[in-house]
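Both of the next two complexes hold chain A, though its partner changes from chain B to chain C.
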Partner chain A sequence: METETIPAIETAPIERPPLPPVFQYPSAVPPSLITQGAEALLYRSTYLLPTLPCALKYRPPKPYRHPTLDLRLTKHRILSEARVLAKCRREGVPVPAVYALDETAGWLMIEWIEGEVVRIRLNEWLQQRKDEGIAEGVDDDRLVRLMERVGRAVGRMHAVGVVHGDLTTSNMMLRPGRHAGPDGDSAVGDVLAGDIVLIDFGLASQSTQDEDRAVDLYVLERAFGSTHPRAESLFKVVLGAYGKSFKGADVVLKRLEDVRMRGRKRSMLG
Partner chain B sequence: MALESIALEHLPASHTVHTALFRNVKNASFLHQQLLAGNKDFEYALIDASVIMSRLHALAAAYRAVNDSLESRLRSRNVHSEIVFSLSPNNNIAESFRRFGITPQTTNLLAIKVSTPSSPATATEIQSHLSKEVDGEQVEFSDEVLQTMTDLARVKKIYKLNSTGGGNNGGKKGVNGTSGLGASGLEDERKELEILVLGSMALRGATN
Partner chain C sequence: MIAIGLEGSANKLGVGVISHSPHGKPAQILSNIRHTFVSPPGEGFLPKDTAKHHRSWVIKLVKQAMAQAGVSIADVDCICYTKGPGMGAPLQSVAVAARMLSLLWQKELVGVNHCVGHIEMGREITGAQNPVVLYVSGGNTQVIAYAEQRYRIFGEALDIAVGNCLDRFARTLEISNDPAPGYNIEQLAKKGKVLLDLPYAVKGMDCSFSGILASIDILAAELKANPEQRDPITGEVITTADLCFSLQETVFAMLVEITERAMAHVGSNQVLIVGGVGCNERLQEMMGLMAKDRGGSVFATDERFCIDNGIMIAHAGLLAYETGFRTPLEESTCTQRFRTDEVFVKWRD
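Up next, the complex of A and B:
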């Protein structure tokens, strides 16, 4: 330390990684960094034309990993995410479209999804309700309908033989605009309106095992539990819609009970 | 109608993509022959436009070919043949030429040329060469015009998109409660098909 002044924490500079090589050529719309996860950087940019927004997921080389192994892992994850996304899209699961990829260079370019992740939308909604002094559980059919859409989306994904591997409320987005409720009631300012779009298939795999599916649901249940005070009854709505979404879903719901039991035991053992 | 020069996003400014679309082409056989003979004056991707859905479909192939060329990993002879190959959902180069390239029967023709630092042709030069050599009516390279040329059944067959539910808008009530068939149903279906085609191209050789 050369000076006596203590820098304010909130002004501490954030490390900006250099743009991935694919983005070092010019574009009409400059790429912007959206999130910097442990494994991947996510940029908003454009594909082919300035009018077509895209998300670029870049997995930079890991200096602490053996280069050959690192390259192999990166390639595998890019290809596996792209394959699963393409399969889902073909079979009617709401996911971003695949635009382009370069597994050797470590990037995947996909459709940009407008809107926000469900976690953030739920928090906004809770806050709004608090500000308006509305009690929990009162007049929340919009929330119930959102839960049904979540259940159907997850059900559809499982039905086509894909398990997500990291199913949280941060890995599903709510895209505004196209969804109007059965009575066309997509009111302005309704933060829970919109279509569910599942994202982040970096840990996904192709499986039709009840166990894998049940673990997906369990992970999602835990994620809901940590964001919503009335999570338990709400998650029943998710499971209700899921149960009706494909043949075999009820077997998965049975299996979920076992998975919960094991989870509880594990947490008791600490 | 003149050719359109496009600076694709995330490519060097030195690599401009020039596009020219023709209908009622009468001398496809001659043009095809120039490619087979390796005539250096015909360094174009000459594509049968009946298997092209949209601008994005063609531009995605051009982007991939230029990118692969910059990364020195062309699989075919040059960046122009690579554009044709980049339309393919699989790794069979010869088959991709047969499916997407000009044939003696072609009447709707899309010509794409990439100007590069080593081959810096100008738009004017390319236009005048094409005007001289292509016996056909040049039309706007737009989605509207392309749609009048597309053989959708053939596109679906090539990309194996027949047996599917058609993605989000396949007519059945989707998981988000939007029913696929509305006033914009057909347009939505087309958009969805385009998206699936782009996905197949991106995953060329990576599917199994």
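Up next, the complex of A and C:
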């Protein structure tokens, strides 16, 4: 029996709907596409003044999703994202400010955050260390401090009653420190320097339940383990800093153990 | 090199014979035979009945597979069997059969992780290089990507598997389990038009299905009590087909979404769908649309390889065998819990 290769699936061409009017307003700097995330397209544009940069997050209709379901999800996600961002902002959690939105057209305009996502910085750093021939497992103070900042930022967000829903190192920015303080590390040439700013609250919700918080941490832990195999052990530092960040954090950490157990149990059947 | 593979982690018993030629030529499938234990409508397959089915068919299937492959016992290099994950009793009966063959034919054993079997067979048959893998079946729902000698699980179902959700809804509707409950739901869903509101449960790259199953079961009970129900928006009469349609549209949208998120996360634009639910053409179509939107492509296999089969066990086992992996007779156990990321993937860079 000769085995034929099964080729990739052919699909009908996708008809893209026109972009919403916000993309053509004459006062704005034409939006330029920065990245295609899983859910949304992220553009850089300006808000009110040509000198005030902003991020324009557009959730185009998903061709694979039933239109009714698509509209329901898009509306819900844009509104809840804006609500959550406003709440975090009010309570002093480092997140981008909300400028404007249109939930039926599917866009949200927020503050532009300078810097780079933690995932890229972490990989750069791991590569640098490899190039310099430093053995793995040697604890570096700067890395430990970064992990502590991550833990504290997540803790602060949970303390105000927000769970992120998609915590990964791609959803955390390292903004160049505006001041060198206990939370900012601005040594020149240090790729791990900067303030943590949490971004992409597209799956966030408002909750103070230990279960939701623990699941948030679990998602982060798994994302850590799956993208930074060498940084896995450092997640303990994140949890350590998280545990000290607010009252009740230790209960969440206990709950995390349950969530982990449940996650593991999911290998039951074939 | 030639391997025979025995699979029986759920209600399918599969035996396959594969041949790997040197110099990286594609593997040759010499035979791939399957026999399925089908339970009556409204019922699932029980471990003891399934094990009994496997015990009574395994010898017949092995003989048939060897005859079809046209190879002699002397040509076979190793015997591969499913070590797990799966249902205990069916796994055990197949492991016993594998041990017996090993002693009888004086061949070495290779215990194979069922999930890795699916992934490797999917890669082999489609030629997908380094895809994000969506593994969806009656027992598993995982989004997997390869990194550093492991198939790492990025997202998975936090409660029941997607296939289990579909199978159990088929039981609620008391539709046939032949050839597969999911297949019959798919056929019904093709006639559905009205999209009913169901929970949508995605958490990061994980998802959950038990709440959806509970909701759709309630809707089905309401429909049974009052068959004249109409959709408040369109005024159309709601049917069982609409229930199947709504269920599929919702759960598949969730699966495509978590796959897309994993793709964005690892920066890949290839997707490979494996596992029994991967046969569903609507899921393949939705995944295709998503991938196209991202400038990528989707690979899926047909029922010969999607649904549990022996050839995938033979293939993955032979890959391991070629790197020197062996399962000594004393260690030729099976286990219900065996995570995809526990396997050290020595055969990939």
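Methods note: the second predicted complex is superposed on the first by the 220 of 270 C-alpha atoms of A that agree within 3 Å, B and C clash if a C-alpha of one lies under 4 Å from a C-alpha of the other, contacts with A are read in each partner's own complex, and residues count from 1 in each chain.
Just so it is clear, a contact is a pair of C-beta atoms (placed from the backbone, for glycine too) under 8 Å apart; a residue touches a chain by one contact, two chains touch by 3 or more.
Since the model is a prediction, treat every value here as computed from it, not as a measurement.
With both complexes superposed on chain A, which partner does A:V22 reach: first (chain B), second (chain C), both or neither?
In the superposed model, A:V22 contacts chain B only, not chain C.
So, does A:A223 touch the first partner chain B, the second partner chain C, both, or neither?
The answer is second: A:A223 touches chain C but not chain B.
Counting only touches as set out at the top, which of chain B and chain C does A:V215 meet: first, second, both, neither?
second
Would you please give the residues of chain A that touch chain B in one complex and also touch chain C in the other complex?
Shared contact residues on chain A: none.
Using the touch definition from the top, list the residues of chain A that touch chain B in their complex.
22-23, 25-29, 45-50, 52, 79, 82-83, 85-86, 89-94, 97-103, 105, 111, 149, 152-153, 155-156, 178-182, 195-196, 245
Enumerate the contact residues on chain B facing chain A in the complex.
Touching chain A from chain B are residues 6-13, 56, 59-60, 63-64, 67, 71, 161, 164-168, 170, 172, 174-178, 195-196, 198-200, 202-203, 206-207.
Show me the residue ranges of chain C that touch chain A in the complex, using the header's touch definition.
Interface residues on the chain C side: 9-10, 26-32, 82, 84-87, 114-115, 125-128, 137-140, 145, 147-148, 152-154, 156-158, 161, 164, 195, 197, 200, 202-206, 249-250, 253, 256-257, 260-261, 263-266, 284-290, 292-294, 297-302, 308, 336-340.
Which of the residues in chain A end up touching chain C in this complex?
1-3, 5-11, 14, 36-39, 62-66, 68-69, 72-73, 165-168, 170, 203, 215, 219, 222-223, 225-227, 229, 262-270
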